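Got a structure for you, written out below as C-alpha cells; questions coming shortly.
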Amino acid sequence: MSAVRQSGSGVFSMNGREWSLLVACLLAIAIFSVASPHYATQGNAVTVLRNSIELLLIGLGMTLLLAMGGVDVSIGIVMGLAAIAIGRILGADGSPFVALVAGPLVGALLGCVTAAVVVLGRVPAIVGTLGLLGVYRTAVFALLGGQWLSGLPSSLNDLLATTVLGIPVPALVIAVAYLIVWLALRRTPYGLHLLAIGNSEEKARLSGIPVIKVRFLTFVISGVLTGIAATFYVATYRNVETSIGSTSALDAIAAVILGGTSILGGRCSLLGTVLGVLLLRILQNGLLLIGVPSLWQPVVTGVLIIGVLGFEAVSNRLPLTRFQRAPA
Amino acid sequence: MRTLRNLQGPALTLALLCALWLIVIVGLLALKPSVFNLGTVTTILQFSTILALVGLGQGMVILAGGTGIDLSVGGAVSLSAIIALLSLKLGLPPVLLPAVCILTGAMLGALNGLLVNGLALLPFIATLGTFFVYSGVALAVTGGAAQSGVPGWLLVWGRGVVAGIPVPFLTLAIPCFALAGLALMATAWGRWIYAMGFNERSARLVGIPVDRVRFILYALSGALAGAAGLVSLAWLGSGRPNIGQNLELESLTAAMLGGIAITGGRGGVGGVFAAVLLLVTLKTGLLQLNINTVWQVGIVGALLVFVLLADRLSQRWRS
Amino acid sequence: MTAPFLVARNIGKRFGALTALADVDLEIRPGEVLALLGDNGAGKSTFIKILAGAHPPSDGELLIEGKAVAFASPKDAAASGIATIFQELALSENLSIAENVFLGRELKRSIFGIPFLKRAEMRQRVDGLLQELDAHISDPEAPVGSLSGGQRQAVAICRALNLNARLVIMDEPTAALAVAETRKVLALTRRLAGRGCAVVLISHNISEVLEVADRIVVFRRGRKVAERLAAETNHEEVVSLITGAHPDVRALEKTN
Amino acid sequence: MLSQLRKVLAASALSFVVATAAHAADKHKVAFVPQLIGIPYFNAMEAGGNRAAKDLGVDFVYSGPVDTNPVDQLQIVQNLIDQGVEAVSVSVLDASSIAPVVESAKAKGIKLFTSDSDAPDSGRAVYVAQATDEGLGTTIIDELVKRVGEDATIGIVSGEATASNLNAWIGFMQKEAAAKYPKLKLLAPQFAGGTAERAAQISGDLMAANPDIKAIIAVASSTCPGVAQAIETAGKIGSVIGTGYCSPNTARSYLKSGAFGFTVLWDPEQLGYLTVWAGKQLIDGKSFEAENKIAGLDKPATYDAAKGILLLGPPAVFTKDNVDKFNF
C-alpha cells in the first residue's frame, strides 16, 4: 500500500484498507446469508446497526486520540458516568431535553479531567488513563451506591427512536458526528495539527503548533462523543448498571486499529473505524446466527486483529523505523 | 524535601513506594494493631505470588522498549492452566503438570514474540489480539466450567507455608525476582535490555541482537504467566478459565508503579516487587479495616496517577 | 553597507555551573550568508537556540533593527521574523508539502466561526514558492515522507520563506545529503540570501562554507574567537582558528 | 507535592477512623461476602443482614469484590478470617476454588458457610439457600411452559460463564426440560458477562437466528435489562416472552410493557436476614431445627440435615399484577 494520502480526498474516497474492510463486510454478509436463512432480514440488519451505535461514537473519538498518538482506556467508564447523569435526570422525571444536554456535558467535563492529568500533567496517555480508569470506576460505584438505575422512563427513547425526513435519528446523529469530525480532521487547521502531533509531538511544537491546546481539545471531543453514546445507551436500555462500559474501551481500540488508524499516531481513517465497528458487529451477529456460541466472540475479535494487521504487515514489510518511536 | 529533590526516576519511585508502604503499615498499626501477626504476612504474600510473577514478565517486556507491552498475560495465565489440566485428562502423566503449564505459557509468549518480531506488529496490537484469543479460548473450550484433576501432591506445594511464607512465593516468586534482578544488573543480557530499551537504534548499531532478546523476553513473560497459572492450580486445587482476569491491567499498574518507564530503558525489577507488595498490602489493609472494596480500585488508580505526576515533577525540578 | 537586521550584544548562557556561552557580539545583515563554525561543544548550537527563542540568554541582549527583544519561546522569535531550520527537520512526514509549509500558520476562512482551510490558495502559494526556489518538486500534495533529503530541505526553506522570515537559521542543512543534493541546497541558500534574507548557517564542512558564505564567525569554548570575510580567508586559516592553533586565538585565550 | 501527600494522608486517616468507629463495639461478628458488589440483588441482602444484625445484637460485615473475580473474593474471605470474624458466609463464585480458605477457617475455628451460592463438597458448615438450585431451574421452566406451551424454542442468556450457581440453575433447566417436556427446544446458553449492552446484543442475535423463539431466560440478574430491551427494540413484545431471575425493581417497567411475562426470585433481603441469623446460630453453637421460626422472617426456614441446607422457602413469581407490592 502506498503512503496514505491525508489530504485532497473527499468524504467518500477510500484507501486500500477501507476497501478491504468493505469487501470483508460484504463477503461476511454474503456467507452468512447463505449459511442462515434468517440472516438477511430487515430485522437483523436493524439489530446489527442498533448494536453498533455506541461503539461507532466512541470509536470516532478514539480514532482522533490514536491519530494524535494518545489513547484512553478509561473511555467506557466515562460513558458510564455520563449515563448516570442522564439516568438521574430521567429518573427524577426531568425533561428529556435536559438529559440530551447532560451526556455531552458530563463527557466534556470528564474529558477535561483526563486531559488535565494526561496533557497538563505530561503523563503517558496509556498509563494515565489506566490510573483514571480506577478512579472513574470508583466514582461509578460511589454514585450508584450499589443500586442500578433501572426502569427509567422512556421519554428519551421516544425522542431518539423517531425519524426525521424518514431517516432514523440515531443514523442522523452518527452521520452528523462523522461529518463534523471528518471536516475538523481534513478541512481545518485542527486536523493538520492533530496529525502533526501524532507524527511527532516535538516537531509539532517546533512548528509553532499549540500542542497542549490541540491535545486537550481532542480529549474533550472524545469525551463529548462518548457522552452522546451514553445518551443512546440510556435511551435504549433505560438502565444503568455498575458494570456499564467495562469492555467498551478495548472494543473501540480494536475496531479503530482494524480500521487502519496507526496506534503510533499520525495516520488515521474515520471511514476505516466505521467499517471496523461494522465488521466486528457483523461477525459477532452472524456467527451467533449460524450457531457459534457467544463465548467464541472475543476469539474472533483477536484473530481478526492479528489476521488483518499481520496480513498487511507481511504484504508490505514496513520499515523498522516504526520501532524507534515511543507509544502514546 | 531537599533530599527528595535529588532523587530521580527509579530511586524516587522506590523511595515513594517505601514511604507509602510505611504510611499504610503505620496507619494500620495505629488503627488496628491486631492485624500484625504472621498470618497477615502469609496472607499478603499468598495473594502477591501470582501478581508478582506476572508483573515481573510485564516489567521486563516494557523495560526492553520498542513500545513493548504484554496485554495478553492474563489470558496466558488462564489458558496455560486450562491446557495443562486438559492435557492431564488426555493421559499426560501428572508429574509433568508443572512443566507443561510453564511450557505452554512460554509458547503463548513466544507467539507474541513471533508476531512482534516476525510480522513487525506493534506489541500493543499483537498482544491485544492475543489477549482476546487466549482469554477467549480458555473460556470457550471449557464453556466456563472449572477444571478439576489437580494432583494432591501439587496442593501440598501450593498451600504449604514455611515460617509464615507461602511455599510458592518462597520457591518460585523470590527466585524468579532474584534471578531477573541479577541478570539485569550483572549480565551482558541485562545491559542489552537496558540499552535497547533506552535507544533501540544505537543498540542495533552496536550489534545487540535486539530481535532475539525481545523474542526471549516475550517468551519469558509467557513462561512466568504459565508459572502463575501453575500457582493458581496448586493453590486453588482447580483450573479456572478466567483466573487471569484483570491481570493485564494489574500487572501494568504494578510495573508502572514500580518505576518502569513505559518507553523502556528505565526502572528495575526491585521496584516491581515493591509495587506488588504495596498493592497487596494496601488491599489487605483496607480489607482489614472493612473499607468498601470500591475504594481500592480508585485508590490504586489515584496512586498510579500520583506516582507518575511525582516522577514528572521531579524531572521538572531538575531541569 | 546595509544596517544589520540583528545585533547580539554580550550574549552569555549558563546552565547551572556550566558556562556554555560568554560575551558573544555579532551582527547579521540582510542578504548575507553568515556561517558559524566551531568544534563540537564550541557554543554554536547554544547561540542559535538563543536566536531562535528556544533558550533565554543569561546575559546580554538581542536587538532586531535596533530594538531590544526578549524571546520567551520560538513563537516570539518567529513573530520577529526569525525562522530556524533544524538539523532534524521539523517536518511532519505524514503531511503533504503544502500542509507542512503552512503548518501552524494555515490560511483559513471563517465559516460560522469555524476556521476552514483555504486549501487551493495554500497550494498555489506553495507552487509559486517551489518554482521560485527551483526546487524540482512536481506535486505539492505528496507526503513529505516520500521526498529525498534535499527536497525536504527545500520544503523547510519554503516554510521559512512563507513565514516571511527575515533571518533564516540553518543547522547543518547538508549533513546527511548526497553530493548532488548538497549542491542543490547550497544553491537554495544563495537564492534565499538573494531575496534579501539574512541567513545564518551552521556547518562542519569548511570548503562548503567558504563557497556559500559571505562572512565566517568561529566559536571556541563558548566564545566568539574570530570573524572573517569568506573572500579574505582560506581553508587552512579557518582550520587553525577552529582548533585554536591560530596566533589570534592564542592571544585571545591568553588574555582570558 | 507535600500538600497533596498531606491530603491523601488526611483522607485516609479519616476513612480509617470512620471505619474503626463503626466496628469498635465488642460484639460477635458475622460477615457476608457476595459474588460482587454494586448490584441491587446483593445490596438487598446487605440490607437484610443489617436488619438481622440489629435484631440479634451482632456486628455485620459486608464486603465483596468489584468484579466477579474468584481470587479477589478469596482474598476478602481470607482477610475476614485473619480479622477473627467468627462466622463468614460466602456467595461462592466458583465452588471448586474456595478450598484454601475453608482449610484456613478450620485452623482458626471460624465458622465458614455458604449463602446464596453453594460449594457442596467444600466442607462448609451450612448452606443458606434461597431455594434449591433444582427448584429455581424447574420453576422457571414450568412457569414458561404454562405461557408458551410445550412445543416452543427457548433461549438462555446468562452472565459470566464461570459462575457456578448460574450454571447449576441452567443445568436443572435443561434436566427439567428433557425429563418433562421432550418437545421443548432449549437453546444452548449464551454468556453476556454482566453488561446490559452485551446481553441486548446477544438477545437480539438470538431472536434473529431463531425466528420461532418464544421466550428468553435472563439467568444473571445483570442480564435482565438487556434481554428486555432487545425484545422491546425488536418489536417482539407479545411474540417473545422475556423472563429470568430478576428483582421486581429491575423488571418492573419491563413487566408492565409486556417485554417480560414474569420473573422468578426470592426476597434477597430475607435471605440476607437468614444468613446473619444462621451465622449467629453457628457462633452460639446451636444446631438448626427441621423447621426454624425466625422473628424477622415471614416464613419459617426449613433445614435439610442430610445435605446441610437451610432453606428460605420456595421462590416467588412476580408478574405485572403483583410486582408493585415489592420493593427490592
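Which chain is which? They are A, B, C and D, in the order written, and residues in each are numbered from 1.
Keep this in mind: contacts are C-beta pairs under 8 Å (C-beta built on N, C-alpha and C of every residue); 3 or more make two chains touch, one makes a residue touch a chain.
Worth saying up front: this structure is predicted, and the values here are computed from it rather than measured.
Novice: Which chains are shared contacts of chain B and chain D?
Specialist: For chain B paired with chain D, the chains in contact with each are A, in label order.
Novice: Return the chain pair with more inter-chain C-beta contacts, choosing between A-D and A-C.
Specialist: So, comparing the two chain pairs, more contacts are at A-D.
Novice: Which chain's centre, taken as the mean of its Cα atoms, is farthest from the centre of chain D?
Specialist: So the chain farthest away from chain D turns out to be C.
Novice: By CA centroids, point me to the most central chain in this structure.
Specialist: Taking the mean of all protein C-alpha atoms as reference, the closest chain is A.
Novice: As a quick test, compute the distance in whole Å between the mean CA positions of chain A and chain D.
Specialist: Comparing mean C-alpha positions, chain D is 34 Å from chain A.
Novice: What's the distance between the Cα centroids of chain C and chain D, rounded to whole Å?
Specialist: Once rounded, the distance between the two centres reads 73 Å.
Novice: If you average the Cα atoms of chain A and of chain C to get two centres, how far apart are those centres in Å?
Specialist: Spacing between the chain centres: roughly 43 Å.
Novice: Provide the C-alpha centroid distance between chain A and chain B, rounded to the nearest whole angstrom.
Specialist: 30
Novice: On chain A, where are the residues touching two or more other chains?
Specialist: If we look for residues of chain A contacting two or more partner chains, we find 137, 141, 293, 295.
Novice: Going by the contact rule already set, what residues in chain B reach two or more other chains?
Specialist: Answer for chain B, listing residues that touch two or more other chains: 139, 143-144, 294-295, 297, 302.
Novice: Send over the residues of chain C in touch with two or more other chains.
Specialist: Not one residue in chain C touches at least two other chains.
Novice: By the touch definition up top, name every chain pair that qualifies.
Specialist: Those chain pairs which touch are A-B, A-C, A-D, B-D.
Novice: Which chain C residues qualify as touching chain A in the complex?
Specialist: Counting only chain C, the residues touching chain A are 74-75, 78, 84, 86, 88-96, 98-99, 103-106, 108, 114-117, 119, 141, 143, 145-146.
Novice: Which chain D residues qualify as touching chain A in the complex?
Specialist: Touching chain A: residues 37-40, 42-43, 46, 66, 161, 188, 190-198, 200-202, 204-211, 222, 225-226, 229-230, 233-235, 249-254 of chain D.
Novice: State the interface residues of chain D toward chain B in the complex, per the touch definition above.
Specialist: So the residues of chain D in touch with chain B come to 1-2, 4, 8-9, 12-13, 15-17, 19-20, 22-23, 37-38, 61, 63-67, 69-72, 74-76, 78-80, 82-84, 94-97, 99-100, 103, 160-164, 167, 191.
Novice: Under the stated contact criterion, what part of chain A meets chain B in this complex?
Specialist: These residues of chain A touch chain B: 117, 121-124, 126-128, 130-139, 141-142, 250, 253-254, 257, 263-264, 293, 295-299, 301-306, 309-310, 313-314, 317-318, 320, 322-327.
Novice: Please output the residues of chain A touching chain D within their complex, sorted ascending.
Specialist: Touching chain D from chain A are residues 36, 38-39, 41, 43-44, 47, 50-51, 54, 137, 141, 144, 146-148, 150-152, 233, 236-239, 241-248, 281, 284-285, 288-291, 293-295.
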